[in-house]
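Chain IDs A, B and C follow the sequence of writing; residue 1 opens each chain.
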Amino acid sequence: MILNDGFLHPDRLLPTEPGLRRIARDLYEHIRALPILSPHGHTEPMWFATDAPFTGAANLLVTPDHYLLRMLRSQGVNYDALGVPRLDGGPVAGPRDAWKTFAAHYHLFAGTPSALWIDHAMGSVLGCSERLTPDTADALFDHITDRLCRPEFRPRALLERFGVEVIATTDSALDDLRHHAALVGTTWEQRVVPTYRPDALTDPEASGFSAGITQLAKLTNCDTAHWPEMIEAHRRCRAVFRALGATATDHGTPSAATADLPPDKCQRLLTGALAGQLTPAEAEQFRAQMLTEMAGLSVEDGMVMQLHAGPRRNTDRAMLALRGPNMGADIPQRTEWSAALEPLLNRYGQNPNLRLILFTLDEGAYARELAPMAGYWPCLMLGPPWWFHDSPGGMRRYLEQVHETAGFANLAGFNDDTRALLSIPARHDVWRRAVAGFLAGLVADHRLDQTDAASIAADLSYGAAKRAYRL
Amino acid sequence: MILNDGFLHPDRLLPTEPGLRRIARDLYEHIRALPILSPHGHTEPMWFATDAPFTGAANLLVTPDHYLLRMLRSQGVNYDALGVPRLDGGPVAGPRDAWKTFAAHYHLFAGTPSALWIDHAMGSVLGCSERLTPDTADALFDHITDRLCRPEFRPRALLERFGVEVIATTDSALDDLRHHAALVGTTWEQRVVPTYRPDALTDPEASGFSAGITQLAKLTNCDTAHWPEMIEAHRRCRAVFRALGATATDHGTPSAATADLPPDKCQRLLTGALAGQLTPAEAEQFRAQMLTEMAGLSVEDGMVMQLHAGPRRNTDRAMLALRGPNMGADIPQRTEWSAALEPLLNRYGQNPNLRLILFTLDEGAYARELAPMAGYWPCLMLGPPWWFHDSPGGMRRYLEQVHETAGFANLAGFNDDTRALLSIPARHDVWRRAVAGFLAGLVADHRLDQTDAASIAADLSYGAAKRAYRL
Amino acid sequence: MILNDGFLHPDRLLPTEPGLRRIARDLYEHIRALPILSPHGHTEPMWFATDAPFTGAANLLVTPDHYLLRMLRSQGVNYDALGVPRLDGGPVAGPRDAWKTFAAHYHLFAGTPSALWIDHAMGSVLGCSERLTPDTADALFDHITDRLCRPEFRPRALLERFGVEVIATTDSALDDLRHHAALVGTTWEQRVVPTYRPDALTDPEASGFSAGITQLAKLTNCDTAHWPEMIEAHRRCRAVFRALGATATDHGTPSAATADLPPDKCQRLLTGALAGQLTPAEAEQFRAQMLTEMAGLSVEDGMVMQLHAGPRRNTDRAMLALRGPNMGADIPQRTEWSAALEPLLNRYGQNPNLRLILFTLDEGAYARELAPMAGYWPCLMLGPPWWFHDSPGGMRRYLEQVHETAGFANLAGFNDDTRALLSIPARHDVWRRAVAGFLAGLVADHRLDQTDAASIAADLSYGAAKRAYRL
């Protein structure tokens, strides 16, 4: 992961007190060039299967990035002007105009993680020699277009250059995984791996739930209208994912509720769900029971279970109708963990095969619930700060609030969780700098010696993710 | 706002690491003397209309300040001894005795924002040459009394001296605004402006709700027993406020709940409210619907809407019975924002005329809900840290937790929100120092360059408030 | 409390910026040797009554310490291997093997408070010259065994060496206090004091509730099936505790709910509770009413009331069945305070005899509810950071979030709250260092002068606890 830092300051994000900075620099030097493990993310497997060149600065960096879109919108920039497609097929700006609109508002990102990622992608990955401004927008657009046509900027070459050892995509449980299959026999076999994401089949309130369950039946030859066979269908699909290298499943839910219901109750929920007749409370029960079922399958097949609980999805209904989901209108909400996970943990939490990695958007749960839970249950690990908290401040708050009670060994290292391929090295670099700075503080006040700190830093940057995800 | 700092240290509240302090000092020098915009506060319009001298140290600085009263009470000082009037007309201490009681306990405020404000008011505004102690109490009382009789300590002169460009008061929707009207033709016309605060008419659980709605009918010639005419009555009252310079409305609610109900349901709520027959849940619905109605009126007339949600009012019933409200017994509670605001935002959130500034007492919502919401919805801005969080620590936590996700451009600058006129320069000064110190950290770790930091500092101290409140 | 620091760094936990560290060192020197007040804890009174030697390193330091056990378990160490007894009488590891297992995993505690306490106990109290590692485990086990046989390591000698002025144990309301009685006539009379903990009698969901109420009847000659006599029985038991030096009661509840119910409702709850027929909501009402009753008794007898609200107990049912409670599976949950305490405070909060000290595991309540409440109600004080938050980070967050709104005078100083006798000086030392570091920050940015800071530091380390607990 050693890249030219371009216009980026080599000490960025490190502590400012000179004594601390010296310690942090040493720790950072020790870890900066470690390989990247990216066990949770949202890049497109097609990129790596086809290895086709990317098509331009705006398409790659701006239009698909909901972190950028939302902030621009909050200051009055219409998504049309950023080239974001409309479901009604209406006209939107072309790539160069979208790029110039972005450049005209890039000052809005001052001090935000998006600026760190964009500056890093441009300065360090794309070889831009200056920051994006309205004045440099045109030239940089051309520069980037030129670079993206070169062989060393194709998707697989970028993974090599970034030092990516393994990268996981996130894939619908119903996906045929053709792009992952296409990698068999290449050097990326078992290194670009899928992740089993069955949300569309576990949430009766998801659009197309019933059709999905029917499709699941066809794929697996199971009668998915019956609960045990519906679970068996998941068992079979998971095996397909595992064969292509998957080591993990991922579950996104509005709350962390789990349940451990008797079979007849499960069947009644399934029948109601297929008929579209569940109340919101019953839908919650369905999702809750499915989490426990998934834990049971993980006990069987060893797949690492990830739970991302908390977001309230699509809070802007007009936006959803006009452009679909993932447009920046997902808003976190309070998340309760200790009572919520009790049914699952009491059912499967003692089993050494289970690993469950927890992600929250509610930082109040770090010290109150998540660190105490991870510091007790062998199956639990804490995922890194997620989404809005994937930031220097979010990382510092996370480390401060979890390390004393969970220890470092119950942390799952770092995930970049991104669909923005070019931001991967930036995101890992921000984490490594944050880790180095945080541990430097513990060294400086004599809570850790430098050797232990170096070993923890390396673990949090590489070893922990390898262990956590059974890579 | 350049005042003599008296016994105050010039570097107070700035970061202590020498490198950081140098950067912070430069930023602070750049903004310290900017004019003051005070777009939300609770000073008395009568002060500015009559420009009569204040009547003494205790009456001005102690007896009306619930920040001081509560802390003294918590350590066993009876409000009688502080001169706080009783509703039963019972005797209370005179001003000099109240002042001496305050002085005897002033050490309780060590390290609190109240001490910052009092020290600043005494040292910098009132020209006291030493801190308040039991030994200096008498002399300082006399000194202050003497100063307050001088012309340069009259209310309007103080505003000039403080560099106040615009100051908003907060006024009942039923207020006749006679004091604001009295300023027409003076240099303070359109500079001491009212704010439309209709809480007594939007909360069916407020004492005197029914009588208020009747009075609203008389004022506006509307039949306020019918929902659309009740809304029309607000429309008319708001126009009166606007004519006297108001640019904003203010809404204080126990929760942030909003609603978007059909007309017949609204009418039933109004009829029930006037009959005093709503359940607590229905009263909450009434308040929730009224917030959405107010947003609709803001879309029409362009008034900026402020929402202060969270406090549990008058938790000490004996105190309320003996001395009335605002005696320090209002206690914040948890506040949920993302689901609560959805009805209002889905109804009016796309309209470019709407501006809604949010204030919370629940800091857990900053990073979890408020920053993500403000970083998406064009209509939303985040108000500065409010009430108990109007403090150096509260400001640091606010800036840390919102800037990465909301950016700086979605912040509404600073409000002093005070009824203590003499604390206005102190409060703005604390904010400016906090902003300078915070931004210095981002400069020192290379997230911002000094030029951008200076421009953001100035915006947060002046420009943002001007823009946010459409001044 | 001046002990040899062994291999511990003298500046540990102090701020790292050189200017701050100088100020912090001065403050720390001023308070480090102050006597220890331990007004809330869980040591065994039998230790002090019999003054028998402790039986070894593992039995003293590892096997009873749920902070250590949980972390080891989270990384796959079975409690059998740590010598933790099983209720089924199954075999578990002997002390030396348990100690070696602990040593083999001691690196897991890097950066945690447990490491601070263990290092301090070994380096400073037990005279170990090196840290615990797998290589030193055997020799240190022998070293500690040898030391524990010496007279200067007997329980009373340790209290003297630690500088403990008063230490409170926590005792069931039904306890006969024979060990406290045995201290009458020794130098420890009225210095090793009991605390009245009636949870088993106030929680109808506690196992053995009904039997406990029957036993209470026998002890006190009250007909405890009738509410007023049940309260009278508590009154009598409390008097017994007071006679042996108790100044405080302690109450542990899942929530902070209080109630002020009419007599007939109370009686119905009691009758239902004794019949085992309460719903969960009624059980909550019973506990809520009992808190208010206990406040009433405190008004009468002057005992200081402590409320520890928040933990969800025994979340691992298999562990509870195998080894009983206090095995690390108690997990905090969100705690609401402002509405919850209103009934109690409105009933008794005005009474100068009442003192109620609040402890939370939900740090979100510090700035939002607890500091505003403590800064208003004369009866309320805030207990120090509790349990998982008894840590350098927990202390910093606590001080930061409470001091501006509650002031320092409404804080109850420090409690070590421990069953680990040897960790007592370590825990007080961590607090004193945290206080010194925190106050140094206020001195360095000119919010406090050094003299006031020294006085506040001494108060938070000693005086505040003496005053808070009426010692």
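The criterion applied here is as follows: a residue touches a chain if its C-beta (ideal position, glycine included) is under 8 Å from a C-beta of that chain, and two chains touch if they have at least 3 such contacts.
For clarity, every value in this text was computed on a predicted model and none was experimentally measured.
*Asks:* Between 0 and 180 degrees, and as a multiple of 5, what angle does the rotation take that fits chain B onto chain C by Cα atoms?
*Replies:* The two chains, chain B and chain C, differ by a rotation of 120 degrees.
*Asks:* Over half of the interface residue numbers used by both chain A and chain C, so same, or under half, so different?
*Replies:* Counting shared over all numbers used gives less than one half: different.
*Asks:* What is the distance, in whole Å, between the centres of chain A and chain C, each centre taken as the mean of its C-alpha atoms?
*Replies:* Whole-Å distance between the two chain centres: 40.
*Asks:* Among the residues of chain A, pick out those that touch two or more other chains and give their numbers.
*Replies:* 17, 334, 364
*Asks:* Sort out for me which residues of chain C touch chain B in the complex.
*Replies:* 17, 19-20, 334, 336, 338-339, 342, 345-346, 349-350, 352, 364, 367-369, 371-378, 380, 400-401, 403-410, 441-442, 444-448, 452, 456
*Asks:* Which of the residues in chain C come into contact with chain A in the complex?
*Replies:* 8-9, 11-18, 70-71, 73-76, 107-113, 115-116, 312, 315-318, 328-329, 331-334, 361-364, 388-389, 391-394
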